[in-house]
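The following blocks contain the structures, represented as structure tokens.
You will see two complexes here that share chain A, one where it goes with chain B and one where it goes with chain C.
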Partner chain A sequence: MTVVLQQGINGVVLGSLYVLVALGLTLIYGVLVQINFAHADIVTLGAFSAYFFMHGLGGGYIPSIAVALAVGGALGWLMNAAIFAPLRRQGNELLPLIATIGVSVMLENAMLAWFGPVPYAFDSPLSNDVIRFAGTFITLQNVLIIAVSVATIALLYAFMKFTFLGKALRAVSQDRETAGLMGIDPDRLVMLTFVIASALAGMAGAMLGPVLVLTPFAGTSVIVKAFAIVIIGGFGNVEGTILAGLMVGLIESYTTQYLGPGMIDIVVFALLLVMLAVRPTGLIAEKREENV
Partner chain B sequence: MSSLDAAQPARVPVTRRLAFLAAVVAIALLPLVFTDTYWRTNLIVCAINVMLAIGLDFVLGYAGQLNLGQSAFYGLGAYASTLLIMRLGVPFWIAFAAAVAFAGAAGIVLSLFAMRLRGHYLAIASLGFAVITYQVLLNWISLTQGPLGIYAIPPPPALALPGLPAIGFRNLANLFYLVAGCALLSYALLDQLIRSPIGEALTAIREDEVSAAALGINGAAWKVFAFGVGSAVAGAAGCFYAAFVGTLVPDAFFITESFTILAMVVVGGMGTLIGPVWGAILLTLLPEVLRGIGDLRLVVYGAALTLVVLFMPGGIAQAARLVLARLRPERQPELLR
Partner chain C sequence: MTLRLRVRRLAAGMLTATAVAVIATPLHAEDKTIKVGALLPISGPGSYFGVQDKQGIELALELVNKAGVNGYKLEVKYEDSSCSPLPATQAAKRLLEQYKPDVVIGEECSDATLAIMPLMAEAKVPLLNAGSSSIKITEPGNPWTFRIMPNEVMQGVDIATNAYKRLNARTAVLLYENTNAGIGNAKVFNDTFTKLGGKILADIGFGRDVNDFTAIATRLAGLGPVDVIPTYTLEGQGLKITQALMQAGVTKGGDGHAIQLGTIWLPFGFEQKAGKAALGYIRIVQFDPTDQRPAVRDFIAAFKAKYNQDPTHLHPDAYDQITLIADVIKRGAKDPQSIRDGLAATRDFSGVTGSAEFDKTNQNVKMDTVHYMETLPDLSWKALGWN
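Showing the complex of A and B:
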């Protein structure tokens, strides 16, 4: 029973990280109907910028999360300006996806050349403080991850629901042309979405650095699951993504416990393929997708 | 003017036959020019990559289905043939045929998803298929020996033609003739398919599936066909890879390999069959020529992929057509296709 509970906690922590990464993909898909493959590398670069801010410049851990957030946002702006904005005019569905695969391969291997394949010891001061209850334990780092994720989701929800920009963003994702006719500049909102989505990815990187292994491939191992999550949850659907993210986190921790870590990807992607075969619109189908 | 029009249809097959002959001559001469082991090894890798690239191009460039699972079919072909040969003692060519059929069947399984999904959904589904295949190869240790790998895989058996000395495939030049011959055969086969009404059906599906259906084209059936053919070619490449390298580890078939093959197709030019051939050769040899960047091989691939999509989405084939059109404005650039 204690093991079940403990793995449940671990699963929620992992799931919270996945949600932060997958939310960005879902937001971008919502307004642009495009996938950013290089989202993974924004996570990794966020983790490395936090690491170097702490261990190179002697900064604190909490400020380093803010640094990663800023770096992620800047990279998102750059991705949009360099890749998505020029290609949007061509109207081809697959070209931007292929271009971001190129960016991802390039960034990942450039990081491999600079940082090397040996994992970095990214120590968060919060990892050593442990809260115990009912035979289980949770580190302060994990409490922070869950708290930041919940706060981020709440802020994002409030932003989408109550601010003008948030409403404009939803309008663009529902019908871009009509939103344009209402005087909303879609280009600016797409840019804003990229900045928000990538800032979340950078922040997620700073928080997963101390939890997972920090190598140039840290983001990639998360992103393939994030892809599975956005599809299982229903592409472009925020609630579905949150639900599916927590689900995949729990599946991962219980699979590790009962089937062994080698089975994680097999179980997650088998679930993805079953979902695609049975219910390709995802857990929560918001609107009819034209791709399924 | 009318006499020129009449001459046109007769001339195209002649240039194609000449191009085919030129390819045969080039394949025959290459190992004679490059006699050292290093370059002959590179030539064989080029031939294997050409097979992978044209197989993917058939699915991506013609049928318009973004398949990120090519590494899985490549790996399935390699492991299927090797396990048949080493565990069950099946003769090489029977194992080869079985592995090609197996990879093709796996492609058909994936195409069952392609029947319902398009665009990004298919890209992610095929990526998931590649991830699962890699993890199965890595974790089914009793069958594949997982990360330890399979060693001492024999090369194809010597070919004994009556009246001629036996042709052994431990000789790299002979092995190159075998692999390049198969690559040329695959090219000719795909070329014929593309020029047949099947090619028209596939491009119709790529351009607009609904309109194609309105013309009586069964989109689902042709997607199954395209995936089957494209992955069978990748399976054949896998068999040769195993027999050539002599060692198999799952890492050779990680999803990065799918991206590498994608880069070859896109840099060469999606939707032309000759483009990916040049793309595969260029991206295989470029890191070897620029010796200093050996470690940055994949950085170059990624940069090439991005820059080509941004500035020349038709790849080398488009660039060549532009150059040719400028050099000879009076002649149709028909022979490039």
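Showing the complex of A and C:
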């Protein structure tokens, strides 16, 4: 029974990490109907920002999360302003999509040149503090991961539901042209979406850093799962993404316990195929226009 | 122009040409090179091998090329083979087609080495390996592939026997990456340990894409008391496993009972990266910096002089590959076929990592320096002197 409970805790922690990564992906898809292949690299860059803030500048781990968030947001702004927005203005939806692949390759190779290929040991000071209770355990790092995920989800929800910008963002998501006729500037809101999504990715990188084997390709190891989560949750659906993220985290933990870690990808991607076949709209079926 | 003048000019021209030829001949002799292709993981999870191998190779080249060997200089061309079959195959093809090496060294990971072996055999270029442990590399035998390091059977039987007899271990859990080397090493431990009377409580393989090992550590913690945990992974995943086992209270670093056992795969410095989670970790290496053999002392002094740092046990593995090739050239080899024959005929070569002499499968059977290291509470290590 203890093992079952412990794997439940492990699954929630892992799921929380996946949610942090997948939220940005789903936000961009919800507003732009665009897949951002560079998302994984922003996650990696967030992890490196946090690492160098700690080891290069002597900063603390918690402030390093804020640094990664800021770096991610700034990168999102830069990418959209310099590359994606001009391409979107040309009216071809395929161009920005292809550009995200180009940006991804460029970022990976830039990081390879800057940081080298050897894995970095990104240790959070909270990883060694273990809370043991009734036969179960959780590190302070994992408590922080859950807390940050819950806080992020709550803030995102509040932003979307109760602020003018959030409502405007949903309006753009539902119908960009009509939103424009109502006085909303869709370009500014698309920029805002990129900044929020990339900031979330950067922050996810800082949270994942101590979990991942940190190399310039670290983000790609979680992004495939994040894509699966976005599909299982329903493309662009925030609630569905949260639910799917937690579900995949739990599936991974219990699969490891009862079937072996070698079966994880088989189970997760079998679920993905089943969802595509049986419920292509995702876990929470809504009209795409109302997703964000 | 008179005939005499013409003859005089012709003679002067011939004299000049002869002089140039005379001067150029010794220069050409000094220019003779043996081309060494190096297939190393420069990127990806095994890149720490490539980075350290390159340092060892460059040091050996510097020393060997100072005076040359039989009028030859050694030249190395590096290609990134990424510890993975597909990039290794592509890198090997590039190397063979464009560089046309006389001999190739590498790869580190067994899967990659197994992938490039047929290409080397087809091109009739000898491959000298110092990092892959899978038994399939030398058995049933391949005339073009030679291995200096101990294979998985040599390592695994030794580790399992020492675990049972010296650590009095009776239960074990196997943790390994799902690669030829991971599966092979784990199987040898399993076979030897159970034959001695030990019990394997769980056999857990995982892919290289697994990042979070908490679930695996939890499963392991639920199995009851475990004496030893032989672990076969690259450094990155190894770190995460060691830390997860500590967090789950399984190993000594987490006030548990189990001792992790490791192989040659992990570099020195692993302990510092893993922190207190590495407490009690026992692993084998082929290089003991406290070894007093002159070859080891000289190597350490030269390494420190060149890089201003201490060598890890991966540096001398690569260093020995170059010095062994130089030894073969010294014995008269000059092209791929004669280098292959020279390697096969090697007797009593003495390197930093030990001796070399190949059996009929081209496996080195004269390694005499497999050391066991234990991590101490201050994260330093001590040699256990089990061999």
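Here is the rule we go by: the second predicted complex is superposed on the first by the 281 of 292 C-alpha atoms of A that agree within 3 Å, B and C clash if a C-alpha of one lies under 4 Å from a C-alpha of the other, contacts with A are read in each partner's own complex, and residues count from 1 in each chain.
Note that contacts are C-beta pairs under 8 Å (C-beta built on N, C-alpha and C of every residue); 3 or more make two chains touch, one makes a residue touch a chain.
Because the structure is predicted, anything quoted here is derived from the model rather than measured.
Colleague: Looking at A:Ala40 after the superposition, I want to know if it touches chain B, chain C, both of them or none. Which is it: first, second, both, neither?
Modeller: neither
Colleague: Determine, under the contact definition given at the top, whether A:Leu189 touches first (chain B), second (chain C), both, or neither.
Modeller: Neither partner.
Colleague: Where does A:Ala68 make contact in the superposed view: on chain B (first), on chain C (second), on both, or on neither?
Modeller: neither
Colleague: So, A:Phe137: does it touch chain B (first), chain C (second), both, or neither?
Modeller: second
Colleague: Just to be sure I read the superposition right, which of the two partners does A:Pro280 touch: chain B = first, chain C = second, or both, or neither?
Modeller: first
Colleague: In the superposed arrangement, which partner chain does A:Met203 touch: chain B (first), chain C (second), both, or neither?
Modeller: After superposing on A, A:Met203 lies clear of both chain B and chain C.
Colleague: Looking at the overlay, does A:Gln90 come into contact with chain B only (first), chain C only (second), both, or neither?
Modeller: first
Colleague: State whether A:Ile266 touches chain B only (first), chain C only (second), both chains, or neither.
Modeller: First partner only, chain B.
Colleague: On chain A, which stretch or stretches are contacted by chain B in one complex as well as by chain C in the other?
Modeller: The answer is residues 262, 265 of chain A.
Colleague: Looking at the complex, which residues from chain A come into contact with chain C?
Modeller: So the residues of chain A touching chain C come out as 2-3, 6-7, 10-11, 13-14, 17, 112, 116-119, 121, 123, 127-128, 130, 132, 137, 139, 142, 208, 211-213, 215, 217, 221-222, 252-253, 256-257, 260-262, 264-265.
Colleague: Inside the complex, what are the residues of chain B that reach chain A?
Modeller: Listed in rising order, the residues are 64, 66, 112-113, 116-125, 127-129, 131-132, 135-136, 138-139, 255-256, 259, 262-263, 266, 295-299, 301-307, 309-310, 313.
Colleague: Can you check the complex and tell me which residues of chain A touch chain B?
Modeller: So the residues of chain A in touch with chain B come to 29, 33-35, 83, 86-87, 90, 92-99, 101-110, 113, 224, 227-228, 231, 235, 262-263, 265-266, 269-270, 272-273, 276-277, 280, 289-292.
Colleague: Could you list, by residue number, the parts of chain C that touch chain A in their complex?
Modeller: 42-45, 47-48, 50-51, 178, 204-207, 209-212, 214-216, 218-219, 221-222, 235-237, 239-240, 243, 246-249, 254, 273-277
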